[in-house]
Amino acid sequence: MSVQSINVRNQFRGQVREIIEGPVVSEIDVETPSGLVVTSVITTRSVKELGLAVGQEVIALVKSTEVAIAVP
Amino acid sequence: MSVQSINVRNQFRGQVREIIEGPVVSEIDVETPSGLVVTSVITTRSVKELGLAVGQEVIALVKSTEVAIAVP
Amino acid sequence: MSVQSINVRNQFRGQVREIIEGPVVSEIDVETPSGLVVTSVITTRSVKELGLAVGQEVIALVKSTEVAIAVP
Amino acid sequence: MSVQSINVRNQFRGQVREIIEGPVVSEIDVETPSGLVVTSVITTRSVKELGLAVGQEVIALVKSTEVAIAVP
Amino acid sequence: MSVQSINVRNQFRGQVREIIEGPVVSEIDVETPSGLVVTSVITTRSVKELGLAVGQEVIALVKSTEVAIAVP
Amino acid sequence: MSVQSINVRNQFRGQVREIIEGPVVSEIDVETPSGLVVTSVITTRSVKELGLAVGQEVIALVKSTEVAIAVP
């Protein structure tokens, strides 16, 4: 399914830096050009279907309703 | 409630750049030092209780299970 | 940002049937060819940037970790 | 806990088609009468407490704030 | 849609204490017998369809993947 | 990262009662003083980095947009 655009406002382009694979879900670290690491947990089936591998160019997506705000 | 540490792996430190206030929820844009903008939607009551204002230092928090991965 | 593929396993292709617009978030009903209606709440800014309108072809996306299961 | 009605607008009635069981979470595929497959990830403890099994009638539930919209 | 049981592990039974209504979403405070207040944001259409009113007995539901953990 | 305050309206203070550890995610039960048990699923890496252990004082956090409402 190719998509032209998506409502999700938070889009972090980067490379897969690490994949911790589990039987049902896997943890993916994505490193952006500025060195920021975004961590995602998705189903292992999706990791395989997307053919994700370390070094691959991806986009991490986060819906704004899922973002909390804290005051340091 | 002050917190020493939190499990949430995605933490984006930055300044409030814009607040779009609504009757129940408000949209907050947070700009990080590298120029990345992270958008959050939280309750307007929380905006007032946290005393959020443009220019304020905050941390945007995203649980890794909420992060999707796309291939460009 | 065009995307070739995305990990999100739940993808419902259909037409926008209704948009209830609010100052910060809007509610979108998407009707699939089989008559199923999927409801989404996204930011109103995204509705405008995507240029969403009734009758438009869209895809509603849901990450599997967000899906609960009930027994009738 | 039996429930008379729930605010969740997206309700997909169908049969369990597959269960991929993990030590902490499991992936459940639910197939609706129109052949649509909805995938859920829930805790394995819940799978056991609900006594989920392939062929069982269930309802997949998705809160509208969790639904993103893309333009193909 | 009546439901016999649901996978959602976090179920807080209580009474509606306050409803802040908005054009698209509304904020609902639910107070449990032990005085705990749980806040929910759902679509205003759902508030009306469920006929929610202050004093009404409800159950607030939270999927465990949506719960973060902090150390004070 | 220490945090002075956070927008998340649902904060359940209690003790870790049980940890079910998996290769990627773990399930944590938190018991509040009033005997309420709140269940969370977070990454196993976070469990280790926070040094979570049974008996430890923690706060379970839930964003209000993640809370559904049912009528019994």
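Should a chain be cited, it is by its letter among A, B, C, D, E and F, assigned in written order, with residues numbered from 1 in that chain.
Methods note: contacts are C-beta pairs under 8 Å (C-beta built on N, C-alpha and C of every residue); 3 or more make two chains touch, one makes a residue touch a chain.
What you see is a predicted model, and the numbers here were worked out from it, not measured in a lab.
Listed here as common contacts of chain C and chain D: A, E. Compared on C-beta pairs in contact, B-F and E-F come out with E-F as the pair having more. Residues touching across the chain D-chain F interface largely differ between the two copies, under half of the numbers being common to both. The distance from the centre of chain B to the centre of chain C, each centre being the mean of the chain's C-alpha atoms, comes to 23 Å. Each of the following residues of chain A touches two or more other chains: 1-9, 22-25, 27, 39, 41-43, 45-46, 50, 59, 61, 63-66, 68-72.
For chain B in complex with chain E, the residues that touch the partner chain are 1-8, 22-25, 43, 45, 61, 63, 65. By the touch criterion given at the top, residues 20-23, 25-27, 39, 41, 65-66, 68-72 of chain F touch chain D in their complex. Every residue of chain C that touches chain D in the complex is listed here, in rising order: 3, 6, 8-10, 12-13, 27-28, 30, 32, 34, 36, 38-42, 46, 50, 52, 56-72.
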